[in-house]
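In the two assemblies presented below, chain A is common to both, partnered first by chain B and then by chain C.
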Partner chain A sequence: MLTLSRVSRRYGETVALSGVDFVVPENTYMSLLGASGSGKTTLLRLIAGFEEPDQGEISIDGDRIDGQPSHLRDIGFVFQNFALFPHLTVAENVAFGLRYRAHAPLTKEAEIKDRTEDMMALVGLSGFGHRAVSAISGGQRQRVALARTLVCEPRIVLLDEPLGALDANLRARMCDELKAIRERLGVSFLHVTGSETEALTMGDKVAVLADGRIMQSDAPDMLFNQPGNAEAARHLNAWNIFEAGLCRGDVSSGTIAVRFDQMDVSAEGAAPQGRPALGAKYLTGEFNGPTALSFFRADDGTLLQVIDHLSQPRLPDLVEGQRYDIHFAPQALRQFHGAA
Partner chain B sequence: MESRILRPTLALYTACFLLFLYGPMIVLAILSFQSIDGGPQFPIRDWSIYWYEHLLGLAETSRVSQLPVGESLIRSIVLAFMTTVVSTVLGVMSAEAFRTKFKGSGPAFYLIILGMMVPGVLVGLGMALLSNTLDLGRAWWGTSFVLHVVYTYPFAFLVMLAIFNRFDRTVEEASLSLGVSPAQTFRRVTFPIIFPGVLSAMLFSFTLSYDEFARTLFTAGRDLTLPLAIYGTFSVEIYPNLFAFGVLTTLFSFTLLVIYGLLMKRFTSKASRYKGQEDA
Partner chain C sequence: MSALSTDTHFATPHSPAELREKKDRRRAISLLTPGLLWMFFFMVLPMAMVIYVSFWTQTTFSVNSTLTTASWKHFLSSATYLSAIWTTLRIWLIVLISTVVVGYPVALFIGLFVRNKTLQTALLVACVIPFWTSFLIRVIAWRPMLGTEGAINVILMKLGIISEPLTFLLFSEFSVLVGMTQIYCVFMVGPITFMLGRIDISVIEAARDLGASFGTIFRRIILPLSLPGVIVGAIFVSVMVLGEFATAASLSGRKVNLLGNIIVSQVGSLKWAFAAVAGVVLTIIITAVIALALRLVDLRKEM
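Moving on to the complex of A and B:
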């Protein structure tokens, strides 16, 4: 179990992390969702020991690891650019840690070969061992990076946007494979990403990092359906967040959120009784294949999005620049306390 | 249209430039095949390899004494080799240090670079005076060696700085995260990747030290290095055996260059197939 408590890190005047409290349980696929610049890479680098926190503690199973040199922490790291050793072959890359690590390196070539080949088979690289790392595709490099880390059996594996360098098809496939490989090995993964779909798909648990703090850490469906605060909701890219005062009808005050797919649109003044409604101008639509997004501008300038599914259309024909009533069921609303 | 005139013009210009660049060497090479009764100038009376035999002590005794280069050649090679090792090691270490900003890194940088900027005659003279003051003997392996290092180290340092500038630090971090110690990481990851740069730094150091003159002139003491020995023969009279020697040393340098080229090719062949990781 990896535990971070009150971890802070500053770069001059810029605060990257301020008091992060975070737990990655045993045998868990943990996604960490954050926008670029939210400090998610910094967080991984602190855990790996490439940088040290200004304050706070990092520990694994109760042993403090902050302050320890990185090579003694027994933590795997998969880089966004894979960071393969360009002068070694695929097999040499995978065997690297076993052969040269400071703690209990393997000396028998036969054992190194066996373990390397087992791991390459697990990630689907059998038969590629003799290739130069420059002579394989992006997805295969990703597998080499993963195999190289996993073969050392680290206590936890940190993945820094591991799918960011892959194209979309490959990304979807690697998602499944990453999950399957992790389940087989039973080691915890901490996967950092800026993509909410990736975070929700992959994670047994998903944490949202914003403003240098963990905003919420929950199971994916829990997080998606009941974000605990506006920041968490904003990162899911599925919630309209706006002031309750915009609505007609009996609505509580403060900042509220309604999911894109739980909002309906009708002509101005035609909103059904009993449903909170607000007036907004239709801006434009965006066709995404199975779904269509419509963008509206509320009276105070807030941008609202309504999602419509192709098979079950529920929106009227919309004219750009015209005003409409947007309404939703009272129970669809989520209210946040405190500042947004 | 433009390239029809421009390209041939540029080609001609380049050809002329190369001819001009290598003209002296070509003349020297031709004259080295002068016959026994010919002088160090045109016309060639007869083609022969007499002066090569003379240089190597294979010719029967003649009125011209043998070129006193044997020992000085050895000295120069040994000195250049010592300089190469020390300068390259220092260059790699200090460039590694400059990868992270440290207090006083700015002044330190300029102090290192100064070694190749200051006039050699002045440094040589200064070193001679200093060794006199401290009552230290001057020798090619002592005072001259120090100045050769001061002179060539900045070149090695700059070469390595450029190499580290393009170096992707994450591969080192990857190695650390696999449990490999910093020292092993340098040996197994960093050094193999920067090795082509190290070779270049070595080549720089060697050639600069091998034909260094001004700094050595004042500090070599009694035993001369090759450039000093050759200069010394000028004061007597010049014979074509000097040209023969010039051709042989050029061949030696060329051999070094070929070795460098082959090593480079060997160590960068893997890297050139390495197309970077973003083209996934």
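Moving on to the complex of A and C:
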């Protein structure tokens, strides 16, 4: 179990992390969702020991690891750009940790070869061992980076946007494979990403990092359906967040959120009774294949999005620039306390 | 109608793609021409002339174009000349090693530990500052440093470490080695720094994350990745040191005779054929050294 308590890190005037409290349980796929610049990579670098926190404690299973040199921490790190050793072959890359680690390196070549080959088979690289790392594809490099880390059997594996450098098809396949590989090895993965779909698909648990703090850490469906605060909701890219005062009808005050797919549109003044409603101008639509997204501008300038599924269309024909009523069921509303 | 149009199509001598290719080829040739002409007239032709002259007949004060191998026989059987070859090779090897020993750590510091590009450039420029003065001044400046009443001897005597001045410091092979190392070190630092600067820092972090200590990372990652820089630096240093004569002339007190010094003195006494023989021998040695260096590392891969 990896535990971070009150971890802070500043770069000059910029605060990257301020008092992060975070737990990655045993045998878990944990996704960490954050916008670019939210401090995700910094968090991983602190755990791996490439940098040290200004304040706070990092520990694994109770022993404190901050302050320890990174090569003795026994933590795996998969780099976004893979960071393969360019002068070594695929097999030499994978065997590097086993052969050259300072703590308990393997000396028997046969054992190194066996473990390297087993791991390459696990990630689907059998037969590529003799290739130069410059002579393989992006997806294969990703596998080398993963195999190189996993073969050392680290206590936890940190993945820094591991799918960012891959194209869309490959990304979907690697998602499944990463999950399967993790389940076979039983080690915890901490996967950092800026994509909410990736975070929700991959994670047994998903944490949202914003403003240098963990906003919420929950199971994916829980997080998606019941975000605990406006920040968490904003990162899911599925919630309209606006002031309750915009709505007609009996709505409480403060910041509220309603999911894109739980909002309906009707002609101005035609909103059904008993449903909170607000007036907004239709801006434009975006057709995404199975779904269509419509953008509205509320009276205070807030952008609202309504999602429509092609198989069950429920929106009327919309004319750009015209005003409509947007309404939703009272129970679809989520209210946040405190500042947004 | 269709037959006619096919005919005209075939009659067109060049397609646009062919014309473009032709134009590209012409541009490439016009870029190459000045360099090729220069190389031909001022290198290939003189080189051939030197080889030719080495077979001319040498008399005491003149040389004539009757072909003979006498100069070659004289050169290869003379202990003076053979020992000059040996001295040249020995000094080259020692200077090569000492420039690596002094230069590599400097390059390691600038290329790997300084990650700010501006500071890196500033430090590299600082390495070149001695070159703002002339070669001769740099060489002769070693005399007041190393001489019997020079700075080093005075300081060591003042400190009471020695009671008599060290005489091996100046006008010896030692002073030649010191002078050459100082002058040529920067040619080693430059290429190595360049290669080290190209190493992705995350590659080193990855090795650290896999459990390797700094020593292991240096041996297994940093050193192999910077080796092409060492080879390029070694080629620069070798070419310059093997052809050297000025450092030896002004710092050795005529005790060290390099092939370069032999050429200078032979030309001075109008022994053109002997000088040509020494020149050819020197060229062969330099070619062999470069060929060997290029065999060690495949530079094509690094470009």
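Simple rule for what comes next: the second predicted complex is superposed on the first by the 340 of 340 C-alpha atoms of A that agree within 3 Å, B and C clash if a C-alpha of one lies under 4 Å from a C-alpha of the other, contacts with A are read in each partner's own complex, and residues count from 1 in each chain.
Keep this in mind: a residue touches a chain if its C-beta (ideal position, glycine included) is under 8 Å from a C-beta of that chain, and two chains touch if they have at least 3 such contacts.
All values reported here derive from a predicted model rather than from experimental measurement.
When both complexes are superposed on chain A, chain B and chain C clash. Chain A is touched at more residues by one of its partners, and among chain B and chain C that partner is B. In the superposition on chain A, no contact is made by A:V319 with either chain B or chain C. Of the two partner chains, chain B is the only one touched by A:A165; chain C is not.
In the superposed model, A:H71 makes contact with both chain B and chain C. When the two complexes are overlaid on their common chain A, residue A:A110 makes contact with neither chain B nor chain C.
Of the two partner chains, chain B and chain C are each touched by A:R148.
With the contact threshold set out at the top, residues 48, 50, 70-72, 74-77, 79, 81, 83-87, 96-97, 100-103, 148-149, 152 of chain A are in contact with chain B in one structure and with chain C in the other.
Those residues of chain B lying in contact with chain A across their complex are 168, 170-171, 173-182, 184-185, 188-189, 192-193, 270-271, 273-275, 277-280. The part of chain A that touches chain B in the complex is made up of residues 48-50, 69-72, 74-77, 79, 81-87, 96-97, 100-103, 132-135, 137-139, 141-142, 145, 148-149, 152, 154, 165-167, 170.
Partner chain C is touched in their complex by these residues of chain A: 48, 50, 70-72, 74-77, 79, 81, 83-87, 96-97, 100-103, 105, 148-149, 152. Contact residues on chain C toward chain A in their complex (touch as defined above): 200, 202-203, 205-213, 216, 220-221, 224-225.
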